[in-house]
Each structure stands twice: as structure tokens, then as C-alpha cells.
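The letters A, B, C and D name the chains in turn, as written, and every chain counts its residues from 1.
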Amino acid sequence: MDIRVQEAAFDVGAELNSFTARAAGAGAVVSFSGLVRDVNGGLRAMTIEHYPGMTEKALTEIAQQAVTRWALADAFVVHRYGQLKVGELIMMVATAAPHRADAFAAAEFLMDYLKSRAPFWKKEETGNGADWVAAKDADEDALKRW
Amino acid sequence: MDIRVQEAAFDVGAELNSFTARAAGAGAVVSFSGLVRDVNGGLRAMTIEHYPGMTEKALTEIAQQAVTRWALADAFVVHRYGQLKVGELIMMVATAAPHRADAFAAAEFLMDYLKSRAPFWKKEETGNGADWVAAKDADEDALKRW
Amino acid sequence: MIDVVYFAWVRERIGVPREQVETKAATVRDLIAELRGREERYDLAFSDTSALRVAVDQTLADFDAPLEGAREIAFFPPMTGG
Amino acid sequence: MIDVVYFAWVRERIGVPREQVETKAATVRDLIAELRGREERYDLAFSDTSALRVAVDQTLADFDAPLEGAREIAFFPPMTGG
């Protein structure tokens, strides 16, 4: 299990390749990656703040839950903080399991918990100033299915 | 949309990177990759047969359905045929969408249909000879949820 | 004349991947009956149609599908891709 | 003495990322009441606790969580990672 919180950019392809090499016996690998998206136009930058110490702890707990619940061969999370531009990768999760249904479910579970339970906060900077992104009710609701 | 059926190996990381670059505006990218797994021990090789012409047609139809149903920014499928060794990549799908739920659902849909509706057949060679892999009822049942 | 193609164990049992068949069969089911009457290897390959799938001109079809206008009929076991 | 840390707009409203607080508050809720009594910037930051989350020693907690033995209390808005 590999959990990383970092300011530096990462290479999603290189990460998927090394995760796949480590988990080759598993048969099924799912990855999710999230990129900075300019929803309304005019987004200049996104700044991600986090809670050093708690972030790593929360991500490790979430990933351990996923590994146990779906008998994963392996799980991976990398999440950036600091200033990011439109189109840049924010984060990535990957899961490996013998069967595809488990790899998919575990990746979705990881994402749902990471969204609402890992201490990251996004601030968006546009021509009209900077605003903290509001949490979505849908993201909180998504936790209820697990 | 990129659909490929090929004998040659592919680099899952390089494919994810180029898919992500093409779909950068989308925000959410999901990939699934399947590898040759030695379930019972003793697997020497897997041979995949397919129906040239129909395979590309079936995969294109499945991907077009996914793109329409989940308003995907893009979709990608690559599937190998011929002889593969344990641990080698068999296939990969990737989806890109504005929201993660759509990217996940579309990737699972693609996989479920690809498993049971694209004309591929796997043969496994062990020390006891070679046998065609039997289709699983669970794979056929998985289609009912869509 | 219609092209008939076989895949996986259907191909192995029949012994050829593709052949041209002279037929007046109206449906896939009729074609199967004709082929089974020909030789034992066909009879064996088509003995359990619940284990078979059929495509007419590269599109999955039912055993009741009409053959009129069709150029290529494919027989194979349930697919196991992915 | 307890460390109190703030993130995102809570940090911006209070004006510092971290401070040490001398308190005999029994619960998170009591600590919030104490802080609100101090200065307007705290009163403003804590005016709507439904918009706030709290962690006690880096674990998410309720507002009723006891402070006994706790070293670090964090206040922040609902998280928006991913």
C-alpha cells in the first residue's frame, strides 16, 4: 500500500505502470485520476490546502478499510497540495484485485471517502477573486451507499 | 474515441497518459486493465481468439453507447489477441467525464459488455492440456444492471 | 451460397474455420438442422445450442433470425473477453 | 494548554493558522463558546457550526467530544478533496 501527499506533480502513466507491476498477480486494476477543471470558464489557478499529519493518517485509514473490505492485492493514493493550473492532475487512486467488481467498488469507495473525509480544501482563483470550493451534498450522500 | 484490437503488447501507462492528455478538460478519468492471472497455478499461456471485423464493430458500438449514455468526453478500448503469458496485459478501457460517478459507471458498463458481447474467446494452456475458458453466469448477469 | 465461420471449440470440433455452404435454409435454426444432418462432426458441434451463440453478418442474432440476404453466419461459444 | 489549528476559510477569518489556548473547557462545544466570547473574529468564524467540522488529535470528532487529554483541536469547513 502506497499513500503519498505531495506538492510536486506526478506522472499518472508512470504511477499506473509501477502499481500494475507490483500487483501483476491480481488480474484487475482500476485507476481514477482527477484533474483541475475549469467549470465556468475563467479559472486561473486552484490552491489546495491540507492538514499535514491528519491527511496521511486519514488516507491510510481509508485505504486500509478498502483493502480489508474487498481483499485487494494492493491500493495506491497520491494527492497533491499547493497551487495547480487548469488541466493539471490533482490526485489519483488505484486498486488491484482478482476480480473486476472488487477493484471497481474499492476505487469508488476510496474516492467517496477521500472527497469528504480526507482534510483537503480547494480554493479557486478567477478574475473575480478567490473562493473556497463548497462541499457538495451529493459527495456526503455518496458515503451512505457503503 | 479510440478502439484498437491488436496482437502486440501495449503500455498501459503510456496509453493512460495520452488518453488523459486528450481528455484533460473532463476532470475525471477512470481506467480498467485486465492481466493474465494464474488462478489455479500451472498456467503456461493464454491464447485469445477473436472474430476480425465483428470485434471492432462490437467494441465501437459498446463504446458509442457508453459515450452517449454518460455524456463522456472520451472513451478508449484496447484488447489483445494471440498468445499471452501470465502477468501480461490483456486489455484496457478508459473513460473521461466531468464527474467521477459517470466515468466509473461508464467504465464498468464497458467492461460488462466487453466481457459478454465482444467476440473474444480465451484458451488456457496448462500441464494437463489446453481448455477454452467457460463463460461465467455472473458475467452474463452483470449486464442486467444496465 | 453463404459463408459459415466457426470460432473457439466450435471451430475445433468442425475442423475448419470457414466454409461456403449451399443452402435454402430460411433461418439459422434451419441451417443448423441441415448441417447436423451432414456429418457427425457437425452433429456433435451443434448438439447443445444453449452453449452456442450466433452472429448474422457480424451482429449477434437469435436462432430464429432469417437468412435471407445474409452473407456470413458465425457460430461460437459464449464470449469470454476482457 | 491546547493547540488549536484552523484551515481554509476558518483560518482566514481567525487570521492565524495555529495558536495555543489556555482553557478548562470540557468539550469542543465549550471551547467554541469560550473562543466566541473572546473577539469578534472568533464569533464570526464559529457563528454557524453546521458549516464546520472538528478534529481532535487529527481524528474527526463530534462537537460533544471531550477535550480531556487532547493536545490538538482543528476547526475547518467540510472537506473538498479528490
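Side notes on the structure shown:
In the analysis below, a residue touches a chain if its C-beta (ideal position, glycine included) is under 8 Å from a C-beta of that chain, and two chains touch if they have at least 3 such contacts.
What you are looking at is a predicted structure, and each value in this text was computed from that prediction instead of being measured.
Dropping chain B from the picture separates the other chains, by touching, into A, D | C. Per-chain Cα centroids separate chain B from chain C by 26 Å. Taking the mean of the C-alpha atoms as each chain's centre, chain A and chain C sit 48 Å apart.
One inter-chain figure worth recording: chain C and chain D are separated by 72 Å, centre to centre, where each centre is the mean of the chain's CA atoms. Annotation for chain C: residues touching 2 or more other chains are 82. The set of chain B residues that touch two or more partner chains comprises 34, 100, 111. Pairs of chains in mutual contact: A-B, A-D, B-C. Of all residues in chain B, those touching chain C in their complex are 34, 48-51, 53-54, 57-58, 79, 90-91, 111, 114-123, 132-135, 140.
Across the complex, chain A meets chain B through its residues 11-17, 20, 24-39, 87, 89, 98, 100-101, 103-104, 107-108, 111, 142.
Residues 5, 7-9, 11, 55, 58-60, 74, 76-82 of chain D touch chain A in their complex.
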